[in-house]
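As written, the chain order gives the labels A, B, C and D, with residue 1 at the start of each chain.
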Amino acid sequence: MNYIGTIGEKEVKVGVREVGVARYTVTIDGQEHQVDAHQVQSSVWSILYEDASFEVDVQGKNEEFEVLIAGDCYKFSLMNEQRKAMMRSGGKGAVGKAMVTSPMPGKVVKLLVNEGEEVKADQGVVVVEAMKMENELKSNIAGKVKEIFVKEGEVVESGAKLLLVE
Amino acid sequence: MNYIGTIGEKEVKVGVREVGVARYTVTIDGQEHQVDAHQVQSSVWSILYEDASFEVDVQGKNEEFEVLIAGDCYKFSLMNEQRKAMMRSGGKGAVGKAMVTSPMPGKVVKLLVNEGEEVKADQGVVVVEAMKMENELKSNIAGKVKEIFVKEGEVVESGAKLLLVE
Amino acid sequence: MFKKILIANRGEIAVRVERACREMGIPTVAVYSEVDRHALHVRCADEAVLIGPPPAAESYLVIDKIIAVAKKSGAEAIHPGYGFLAENPRFADRCEKEKIKLIGPSAHAMRTMGSKTVARKTVQAAGVPVVPGTIDPIATEEEVLRIAKEIGFPVMLKATSGGGGKGMRLVREEGELHSALRMAKSEAKSAFSDDSVYLEKYIEQPRHVEIQILGDRHGNYVHLCERECSIQRRHQKVIEESPSVIVTEEMRAAMGKVAIEAARAVKYEGAGTCEFLVDAKRNFYFLEMNTRLQVEHPVTEMVTGIDIVKEQIRIAAGEKISIRQEEIRQTGHAIECRVYAEDPDRNFMPCPGLVTSLRTPGGPGVRDDSGVFEGFEIPIYYDPIISKLVAWGKDRTEAIARMKRALNEYVVTGVKTTIPFHIRVMNNRHFIEGSFDTNFIDKVFFKEEQERRPAHGDVAVITAAIQVFLEERERAIAQKPAGAAGPVSMWKYSTRPGMRKIG
Amino acid sequence: MFKKILIANRGEIAVRVERACREMGIPTVAVYSEVDRHALHVRCADEAVLIGPPPAAESYLVIDKIIAVAKKSGAEAIHPGYGFLAENPRFADRCEKEKIKLIGPSAHAMRTMGSKTVARKTVQAAGVPVVPGTIDPIATEEEVLRIAKEIGFPVMLKATSGGGGKGMRLVREEGELHSALRMAKSEAKSAFSDDSVYLEKYIEQPRHVEIQILGDRHGNYVHLCERECSIQRRHQKVIEESPSVIVTEEMRAAMGKVAIEAARAVKYEGAGTCEFLVDAKRNFYFLEMNTRLQVEHPVTEMVTGIDIVKEQIRIAAGEKISIRQEEIRQTGHAIECRVYAEDPDRNFMPCPGLVTSLRTPGGPGVRDDSGVFEGFEIPIYYDPIISKLVAWGKDRTEAIARMKRALNEYVVTGVKTTIPFHIRVMNNRHFIEGSFDTNFIDKVFFKEEQERRPAHGDVAVITAAIQVFLEERERAIAQKPAGAAGPVSMWKYSTRPGMRKIG
């Protein structure tokens, strides 16, 4: 199976082949890696890669990954090749749209913008409180607030849609 | 729901009623106990019983229980009332039969008896090895070896039937 | 000794106090909110009583409820832990009225030390050095100049009604004073409708060093040496250690002495902490006194071997302090890292949620004071602390190496934690050398981190790719009609682009 | 220092050694059998190499395989842990030949101390007290009587070719000697076809006390004081502590001195242990020397602050011992409980299997050296040790209280463990008073336990009943056709009695 990884600005081609029990050949931009991979606890993998042993915690949602190894967090996206191709051609409409979601369960204490308002990239748009701390959530892109899905005072789950900037 | 508990030689009547979320009224021989019970980890319960807090590890198989509280192990059986009544009338045939099962995964290293042989209560009948230790398993009752289900050298799972004494 | 103790707290500190009681053979009563029924402090107590809804204001902070549970259960004393009611003099008053012993100092000591100005005046009178300056507002520019010259530049102008950095101005030399004063006053005026300012010596490269003290009602006082807590993020301590690399034997004795004087000034009973700022020349200045058990008390316990919570309980029961000053010695070095459910890669945003897997570090020199277990749901209502990881070593080098090793062993999944942050600090050159001040994390560390290039990106991508590969295959098998074979079809994706979620 | 170390072991001890290496910055190579791919020692190592099928004889014990991995990976030294190849002089020979440093003593020291008779002669020549008696067979009854009188009654007659208690006879006084000798000879004859016997002084109420020593190749030796290991089950240590309640300051110095003499006699390099029997009058007699790291080394580490594994590694690399005798001090008291996957209520039968939930104890003074995690399957092929739980206290009373508290916090489900057994020992009056000998568990403790009546039978039955109630309801809901309601039917039970399993 082939995937396109996006790390920062860079794209890499990633191929995965199963070559034995819990053994894989993973190709990154043409270079082959032999890997022995076992999922040992919930999201934790024990990886043996050229005899080197790694504990790897893979947190992934919607093709966006945050992978922890020895205290370093690696962020990237990984997408099936076909799906990526499809997105490139037909998915253009998505560019310039950004959903602001709550990264944690908590309470919406303040909406900083109104529907229809123009926002800059990185501008705070909503404040969510959890564990006695207020957290200002920002819009990734510049645009117009298309829709607001929550009210002030509302309690939201992790991942809940808060508002859409277009 | 009503149950019959057998603790050593003694029988007790046990009734359970759900009276709220995770709250139960449990009656033992007529005496009522109000209990708040939450299963907090695998087989571990957190019990609040008249405000006293207990951590209780319930291991049960086939109506036989081994319950750990603060380092003490309580062994007893607990059976649905109807089922107990049924056993009392129709289940008589079972008396005088005893299956010897392996209490752990391991290897059968030696059969100490042959089919048809007479054995005494508490006589060793088979040796199972696990973790470098040989363990002699005994027959609970006196009787005749009715059937042997394993061969020497065979690897068995925990709970595997080894032989039947009648 | 008390026949029963109620613990008016939750989480790791409630568990910590329960451990001391259990070891002393004293039964404990836990209180819990509706969301804490599964919490460790309920499971580890001898009794547990529900006290209300999740918000602390409706449960852990309600004095009436706590007192009612104590009376009903027959608890003779209450341990408040830290936070919640721990430094609330009204709670202390109430306990006294109800004849329940609050394990901590008197309401008078709490009130005195709770007010910045009263505390400053009280300790100053007892001979404790404070940051030179005024507290009362200064009327004229002439007076400002006179005092500034007296205490020496640089100085800090602060708004009397101030807070949050507004109305504050650093003045490095006399020439800057005039315009700085004008700006400070105008800022103060617009922010607080009060243009009065006061003056304090500006401490350059300040380090936060505190002294743990014990006092009993028989007039005995000891200090348990110092802790350094300069590793702070937005003025919140995150890593603490004992001893401090900058404290010499003489300084330790001098700081210990004044800390005891400060405690004596309020007839302090129990465990308390005097916080000091230390400047680059190793002058130290009283900052404030915390009239409770500190979060970071374990580092002191590890180097002295003294169980501070047990001492608190014994002192509250009227016993004398069990050790004399000359018996107290710092052996080796201890470091504590506060492990929070926060995302260090998203500006330490809180991450409550379910702990899906947990592996606690162990082995030599490692102590973990935790409030969670695998399968526990960290609630959104309280401080997101998971545990305090403490490492002891024969010296600071070994303690750092142990801490790094232990942090690398620590597995917590399901919620983001500050473990990765701590690993990076343990690897930081300045931290290892001991050259830092309270601005280190915010001003130096994050900047240096941005330059660093982590080494195992390939392994990260490889593992994620294998996970995606296996997930896709699983989905494909689940979607396939029974018996069908062949490669996974992408058809579902391409016909329903509208279903795609936006990352 | 070594650039890389291979660890020729598994489980908790492999993890322990990896921790030391990690803290010293030395990369590690783990080896693992097919059943150990998920094991902690694989996850905690820097490299890991598969060495064969599960049985140790085909993997962990195969010298060729271990050597091959060491050479391929570039490991310069091998740490053998305890067990497996740890005291195998052929392995030591091979390492020397391959120019790989074995972290441990020379093959010569292993061989000398590995033979009971050679060891006895060697240490006796060095002035170490041994149990009085002969080793060579005694020809005549007259000679037996003469020697018995010389060393004093009671004495023990032992078959020269003996073992397992056969051909052994206790002789309390002269009058018993004649018939005892006849019986011992006849038993020895029939059991071993060799009727020769020898004679040893019988040690009454023996206690097992051992001395931890370190030696380096520069001729330096130190001892790290004693451990008492008298709490044994079938001659297997289960609880160890330091200090020993019966060892006085003078005795400690004397035992330390002879232990060092024993070590010096074989030019001992690294960490080793001299085991002694101590009689009721506090005479001590050399038993044997273990030429490896002991399971119970953590109690010594906790009272001395010395990391024994790191010392081993430094010594193996040619460094001098890092501490001098006069710097070594026992501070406080430490106790270790070995937690095994065994069922204490079924004669300690091994219980391998899946660890379904785990909560490790923590807090002050608690150390857990574990080889498992939640979700780990304990294999059937090896020693069923789960972890070593160690508690430190300022004195023995506090250490016992801590251990009890920690054991009560320890949750391991899915497999039976010895945790309940340890809780009961910590509660035992004789153990608390320190009055026991090596027969305590088998002869005293179990008898006393049978008399005890546990207090919470009602809670046990209540909880089990609630669990059965909920399970039945769940089954009933699952079996009911969709939409049907009403009480749970028992019909299925009564019509299928043949399906009932026999408990």
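The rule is simple: contacts are C-beta pairs under 8 Å (C-beta built on N, C-alpha and C of every residue); 3 or more make two chains touch, one makes a residue touch a chain.
Since the model is a prediction, treat every value here as computed from it, not as a measurement.
Colleague: Count the touching C-beta pairs: is B-D or A-D ahead?
Modeller: B-D
Colleague: How far is the middle of chain C from the middle of chain D, if each middle is the mean of its Cα atoms, in Å?
Modeller: That gives a centre separation of 40 Å.
Colleague: Can you give the whole-Å distance between the Cα centres of chain B and chain D?
Modeller: About 31 Å, centre to centre.
Colleague: So how far apart, in whole Å, are chain A and chain D when each is placed at the average of its C-alpha atoms?
Modeller: About 49 Å separates the centre of chain A from that of chain D.
Colleague: When you check chain B against every other chain, which residues touch at least two of them?
Modeller: Those would be 41, 55.
Colleague: Where in chain C do residues touch two or more of the other chains?
Modeller: 44, 357, 359, 373-375, 408, 411
Colleague: Mapping chain-to-chain touches, which pattern fits: line, ring, star, complete or other?
Modeller: Chain contacts: none of line, ring, star or complete; other.
Colleague: Output every touching chain pair, sorted by label.
Modeller: The complete list of chain pairs in contact reads A-C, A-D, B-C, B-D, C-D.
Colleague: Given the complex with chain C, which residues does chain D contribute to the contact?
Modeller: 15-16, 19-20, 22-25, 44, 298, 301, 305-307, 331-332, 357-360, 362-370, 373-375, 387, 394, 398, 401-402, 404-405, 408-409, 411
Colleague: Chain A touches which residues of chain D in the complex?
Modeller: 29-30, 37-38, 42-49, 73, 373-375
Colleague: Which of the residues in chain A come into contact with chain D in the complex?
Modeller: Those in contact with chain D are residues 22, 36, 38, 40-41, 46, 48, 51-53, 55.
Colleague: Mind listing the chain D positions that touch chain B in their complex?
Modeller: Counting only chain D, the residues touching chain B are 341, 343-346, 349-353, 356-357, 359, 380-384, 407-408, 411, 413-414, 416, 419-420, 422-424, 427, 454-469, 472, 488, 490, 493-494, 497, 500-503.
Colleague: Using the touch definition up top, name the residues of chain B that touch chain D in the complex.
Modeller: 1, 3, 5, 7, 12, 14, 16, 18, 24, 26, 28, 33, 35, 37, 39, 41-45, 47, 49, 54-60, 62-78, 80, 82-83, 86-87, 90-91, 94, 97-99, 103-107, 130-133, 135, 158
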